[in-house]
Amino acid sequence: MSLISRISARSPWLYRINAGSCNGCDVELATTACIPRYDVERLGCQYCGSPRHADIVLITGVMTARVKDKVLQLFEEIPDPKVTVAVGICPISGGVFRESYAVCGPLDKYIPVDVNVVGCPPRPQAILEGVAKAIEIWKQRL
Amino acid sequence: MKFLKLLMRNLAKGPSTDPFPFGPTFTPKGLRGRISYDASLCTMCRACEQVCAGGAIRIDKTPEGMRLVVWQNTCVLCGLCQYYCPTGAIHHTDNWHMVHLEAEKFDQVEEGLIPYVACTGCGAKMVASYPNPKTLGFQPTQEDVEKLRLLCPSCRRKAIAAMGGKS
Amino acid sequence: MLGHYALLPAVLLFPGGLFALAFGLALKGADRRVAARLQRRVGPPLLQPFFDLVKLSQKRTMVPDIACRPVFLGAPLIGAISMLLAAALVPIAGVYQPDPMLGDLLVLLYLLAVPGVVLMVAGSASGSPFGAIGFSREMMLMLAYEGPLLVVVAAVAMKTGFAEGKMVSFSLSEIVTYQRQHGAFLFDPVMWPALLAFIAFFPANVGIVPFDIPEAETEVLEGPLLEYSGPALGLFKIMSAAKAVVVLSLGIALFFPNGPDGVLGLVVYALKMLVLTLLGVTLVRTSVARMRIDQAFVFFLKWPLLLAVVSLVVVVVFA
């Protein structure tokens, strides 16, 4: 891995997509960035407001039928190389909403997911662990 | 100007950041984490399967016995199975390090098998379970309990009637 | 014979070009780290903006279909070049005198208006509705803060000009030399309204809270910058870093350029920039909230403009 790749890997920018989540995991994602207790800026990360600026995509929520097309369209807008992290159990398996008529199924039917962070909602430390693992994978892809 | 005083105090106090992932972090007592299942304590009452909120617990009949499978990725950490399990066979540990790669998604299971035993009365395959002393109608001794444990339901009914209680 | 080519090191290396870029990024890193400490967080490493820039160069630039491609890609380039060039126009007291061929205060004022215009043009060229909102807000903000800036600069130029015997002196080198001989304007009560107006205008130009309305992340999803990615976004980051250096240097040259010569002068200059960043950017950013665009517009047209006009009148009266 060249020097440029090693330097670039120290600045992964995070982007959150809510694919029909109950917002529990979104609240936990807000705490890992905003509050001083679980600062995500230490790893060089920063939450960005535009999908065009993103490197690591954090997706929460089971893919509901209403939001499916928009999430897929948004995912296309994020430039490569990117790493997808499924936060919470909803995108992994559907969680409690599995057999609902409004749910389109686990996320990896539509989007290639790389890291799964388990929990309902996951602890902020677990999310940081997931982000750290995603940075490792992203380093390989740069 | 109060916020200026606050900012200077913050600067003096230093960061209050939890050192994870560069250092150790705390785990609260009683944190509901990864599920752990001990088949030796299980009586196959199937209460956990019924109350599981995420549908994570699945019980199958296999030729060797009854198998209980928990998929960690659907467990919502509600703790109901732990609450309703009469023997404590299924319970939450406080392990919250459950981050895994996508390829290991279906490896996150806890399994346990309760093997069939043959009924000492008629030889049918069954899962041995302890009888409820309250419903026997008489006060059982330890060997009565052991004898009833290894009988299938129909043989057990006959044995209880023979011991002088209601079934 | 060497003639114009002697300007190249000034424009490309020091203090324009590479020096402005590196120093701007270093100041930004220090600002982010100290802001985190003020909030009791650990904060990113000091070299984080450099890492960000290197990372941005590795991603690919995506251009939307409905965007006007030459403008979309050309705007950040023009912005970055203008700011890297403008840094060569500001004197560093005792260390660097800009060549009169490069330009004087008027050219610098024109160049300082370019990043705002570039942001506006980029916002409208990207074709997204958020870009359009960012475009209109940036336009309102520029209208608001350019006024006090021009009047403050006129006040300082006139003060120096009267002392030199002519009406007004737009040469930054003359302003710096006059202050080094007769005492800095920072300590001259006649110039204090101008100083206050400049302090009020400064966050708006550099693009920080409370006046970073057009680029606000949470309000307009970063407005004009929404559709940019990769090296084009990197150029915008270069533009904002160099702009911070230019505006801070301008502030120091207009009000407090006094200091030793030579290498020690460079160290003092760097320290002044650092202190000004920490007081004027970090402390302000962490203590106040973002203003609405109408509040900001009205604010600038009230107090800073009033203070600037008062200072102009005072300078003329106490000639």
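The first chain written gets the first letter, and so on, giving A, B and C; residue counts start at 1 in each chain.
Please note the rule applied: a contact is a pair of C-beta atoms (placed from the backbone, for glycine too) under 8 Å apart; a residue touches a chain by one contact, two chains touch by 3 or more.
Being a predicted model, the structure only gives us computed values, none of them experimental.
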Ranking A-B and B-C by C-beta pairs in contact puts on top A-B
Identity of the most central chain, Cα criterion: A
For the pair chain A and chain C, the C-alpha centroid-to-centroid distance in angstrom is 36
Distance between chain A and chain B based on Cα centroids, please, to the nearest Å. 31
Cα centroid separation between chain B and chain C, in whole Å? 63
Spell out, as numbers or ranges, the residues of chain A touching 2 or more other chains. 36, 39, 42
Among chain B residues, those touching two or more other chains are 15-17
Indicate the residues of chain C shared as contacts by at least two other chains. 36, 39-43
How about chain C: which of its residues touch chain A in the complex? 32, 36, 39-45, 48, 50-52, 54-55, 57-60, 62, 217-218, 221-222, 225-230, 233
Any idea which chain B residues touch chain A in the complex? 15-18, 20-22, 25, 53-55, 71-77, 96-102, 105, 108
So in the complex, the part of chain C that touches chain B is made up of which residues? 36-43, 283, 286-287
Chain A - residues contacting chain B, complex: 36-39, 42-43, 89, 92-96, 98-99, 108, 112-120, 122-123, 125-126, 128-130, 132-133, 137
As the complex stands, chain B meets chain C at residues 3-4, 7, 10-11, 13-17
